[in-house]
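In the two complexes below, chain A is the common chain; its partner is chain B in one and chain C in the other.
Showing the complex of A and B:
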């Protein structure tokens, strides 16, 4: 970065003038933010064997649930390059799979774990620990038919900001709140996520998620069914026709009435998971959205079939 | 449309296009479908509904004479991208950015029917395209 022309102000002092609001005290959001998953990254056996490096040690990393694989790639690459790998490609060529399923780099890591780890193992009737989560790293043969091929590793930031805007649009009918953030606020939002700094991220994000006592038009919610079903994104009003807060059950019933009846008469066939937790379906969806959304401001509900 | 000055933010009347949208009242006497049936139906969700996409070029991009196209609701947004690239003869390597409602860029794996349901305006899904980032 070139030096600032105004030598009287340090960059830090300049930044702080636009950012006077600290992150609001929210123990729930903090616990969600601090959630992490221990991951064991192993180099794809075929790739390693092809270059005679089949004894390369795994890389262990405790990844924030709210982070993205793209943000770990430089650490992962460095480990394997230090070990044996000769890699001159772009980091955007590097991809990950779990048990043969390529993992979407534009989904948060915690969501991927809940879908491909917990949801899938519940479907097979297994309940043993999956940790550390065993991920295979590939440096070749990017599966462009299954994963979005990004132009560069920093595409993750563009996708993330787009999700933030999509969430803003659902809440407010426009992306005005995001667009009204200053350039340095937008940078701080991403930097906070990238550097796993809760105060930095929430210092800005609360401006997007607090609605000045105006009820959000719709809440950003996505529902994930097992076995690679299409993701469900319906319009989710936050209150019902009587202006009462809707519950998670009502939201799930709206999209999946057969497996989430409003009144449970027998043994439930399904439940929903957020950040690896099974919340009560009587939880208000406004509360869940405010406290348990991922940093992209979507509430990602992973359906577990019992 | 007579009310030109007032942008409509209501759900478009053409929301009926997606008649299979879950949430429709189920008949009380019918037994609930099993999870397997629900998943099978979900894979077909939107397959019988057409979404009308209205393309709007921004900046120096080729503009189409006819800019309204129908696409099946269960297709991914990537299909919209590929279709438009073909129409205006832009290779995959030619830079092109897509937006919905001049507001945000959906990921290529988002479902067209869901985008229409959530962001449709006056019965169409408005997709803007530009050679360089146009909004934020």
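Showing the complex of A and C:
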């Protein structure tokens, strides 16, 4: 079993805030944090034509997998506003789609790509590269029946913090830990996320994920099946009746026993993906939770049916 | 439903439910409300997770409507979704079954009133009770639709559904107010909901003060107890005779 992250100190990358708690050394978490997806944002043709801008170039951006579309919106809008003549655009009305499906702004970008890119193409038996990921940008006709309203930065932060609270509640049966973070710690957590600063973010986050070395009761896990199934979120105990760490296989078997049997007799029917990679199902779910979670502290596992 | 021990070694019923407990609790609730409130149990596709649902018609100025005459109501609802139409038909049928000795006098008056008002300022409010596996409590989800089928905004929810004296305390609750929007766990579309963080401590306080601590009776009245508190915040009231007859 892989060792738990070392708690040695790393000098903060930015010296701007003397109060920034440095992040512990954790190469796995760092690699995940640095993961990115090249995206090609193109303006919806009908909308662009309507404002007389049918020849506007696409906007290419290397988007952090751990970030959210809401946090990129100002860059995206600026590009198209600069390009078009009579157009301003309103951040609250911007939305994105991939092949006609509106993208949930409250899901991390990496999760969206795993679902709409990788999981969907596996389902269609496609093999070629999907990159750069071709996203359509809309500035009008926000689909309020499909997307949560007001995807401005405040809402993104609110939603993100409610996920963090839920994760805390699962681990400890209360949200005391998160609620007791100092105001500056809470600010540092959010600042670290939107400014894509690993040290700032993990300097605080590691206190939540390592849970002061108290074994979590339950772990924050969400499982995504193909074809727009409701998200599976069952209660995931961290250890079994013998106090052994449970594995990813056991967790998946608990929710999807037909697809993930405890003992693999033939060729596996499905695999589970996170951050675009397929971890071994024998991985300890506690280790995975501490090292491979998204910034919202959840393990978002995307099921790829072979 | 687990019993958790406190330091004083006195067993206090926990307010946290397992999924199976929740199923038992909602079955009791459906029985308790059968004749007076048209709650139904729905599922979507093949997921085991279902939810209780109720649709109510409300004046958009926060006063409940009198039961409307069937013809007027149904005629005006051109753009209501099929699902909502079925619920509304059920609702209207249900209202017709209620003995109307008290209402006979007011009916004619109400009918006239309705034909002007119904099309302009009523809301169709859908209330759903969904289980939260993380918080292990029920959560109240809701959406409200104008006659043209469009959903109302958070601000309009506060104005139309939340009682005036509750508004500021709910707005200021927690990080972002007591009401937020998220994907409905079963339907996967945007729905408003009441944050469940306080539910456990609220219910534990209530259970501590009940005379009976039998697991089964607390489970029986769980949804009723929880909903009679939580529902008030967004304009959902349980008729008091139901609460009285089911109390422990």
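As a convention for this text, the second predicted complex is superposed on the first by the 277 of 306 C-alpha atoms of A that agree within 3 Å, B and C clash if a C-alpha of one lies under 4 Å from a C-alpha of the other, contacts with A are read in each partner's own complex, and residues count from 1 in each chain.
The rule is short, and it goes like this: a contact is a pair of C-beta atoms (placed from the backbone, for glycine too) under 8 Å apart; a residue touches a chain by one contact, two chains touch by 3 or more.
Bear in mind the structure is a predicted one, so any value in this text is a computation, not a measurement.
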Chain A as common anchor, with chain B and chain C clashing or fitting: clash
Which of chain B and chain C A:305 touches, first, second, both or neither: first
Contacts of A:144 with chain B and chain C, given as first, second, both or neither: second
First (chain B), second (chain C), both or neither touched by A:269: first
First (chain B), second (chain C), both or neither touched by A:191: neither
Winner by number of chain A residues touched, once chain B and chain C are compared: B
Which superposed partner A:259 touches (first chain B, second chain C, both, neither): first
Partner chain in contact with A:166 - chain B first, chain C second, else both or neither: both
First (chain B), second (chain C), both or neither touched by A:175: both
First (chain B), second (chain C), both or neither touched by A:226: first
Contact residues common to both interfaces of chain A (with chain B and with chain C): 104, 106, 148, 158-159, 161-162, 165-166, 169-170, 175, 218, 229-231, 233-235
Chain A to chain C touching residues, read off their complex: 104, 106, 144-149, 158-159, 161-162, 165-166, 169-170, 175, 218, 220, 228-231, 233-235
Touching residues on chain B, where the partner in the complex is chain A: 9, 11, 21-23, 26, 32-35, 37-39, 42-43, 45, 74, 101, 103-111, 114-115, 117-119, 135-136
Complex interface listing, chain A residues touching chain B: 104, 106, 148, 158-159, 161-163, 165-166, 169-170, 173-175, 178-179, 218, 225-227, 229-235, 254-259, 261, 269-270, 305
Chain A contact footprint on chain C (complex, rising order): 44-45, 47, 49, 133-136, 151, 153-154, 175-176, 180-183, 185-190, 195, 197
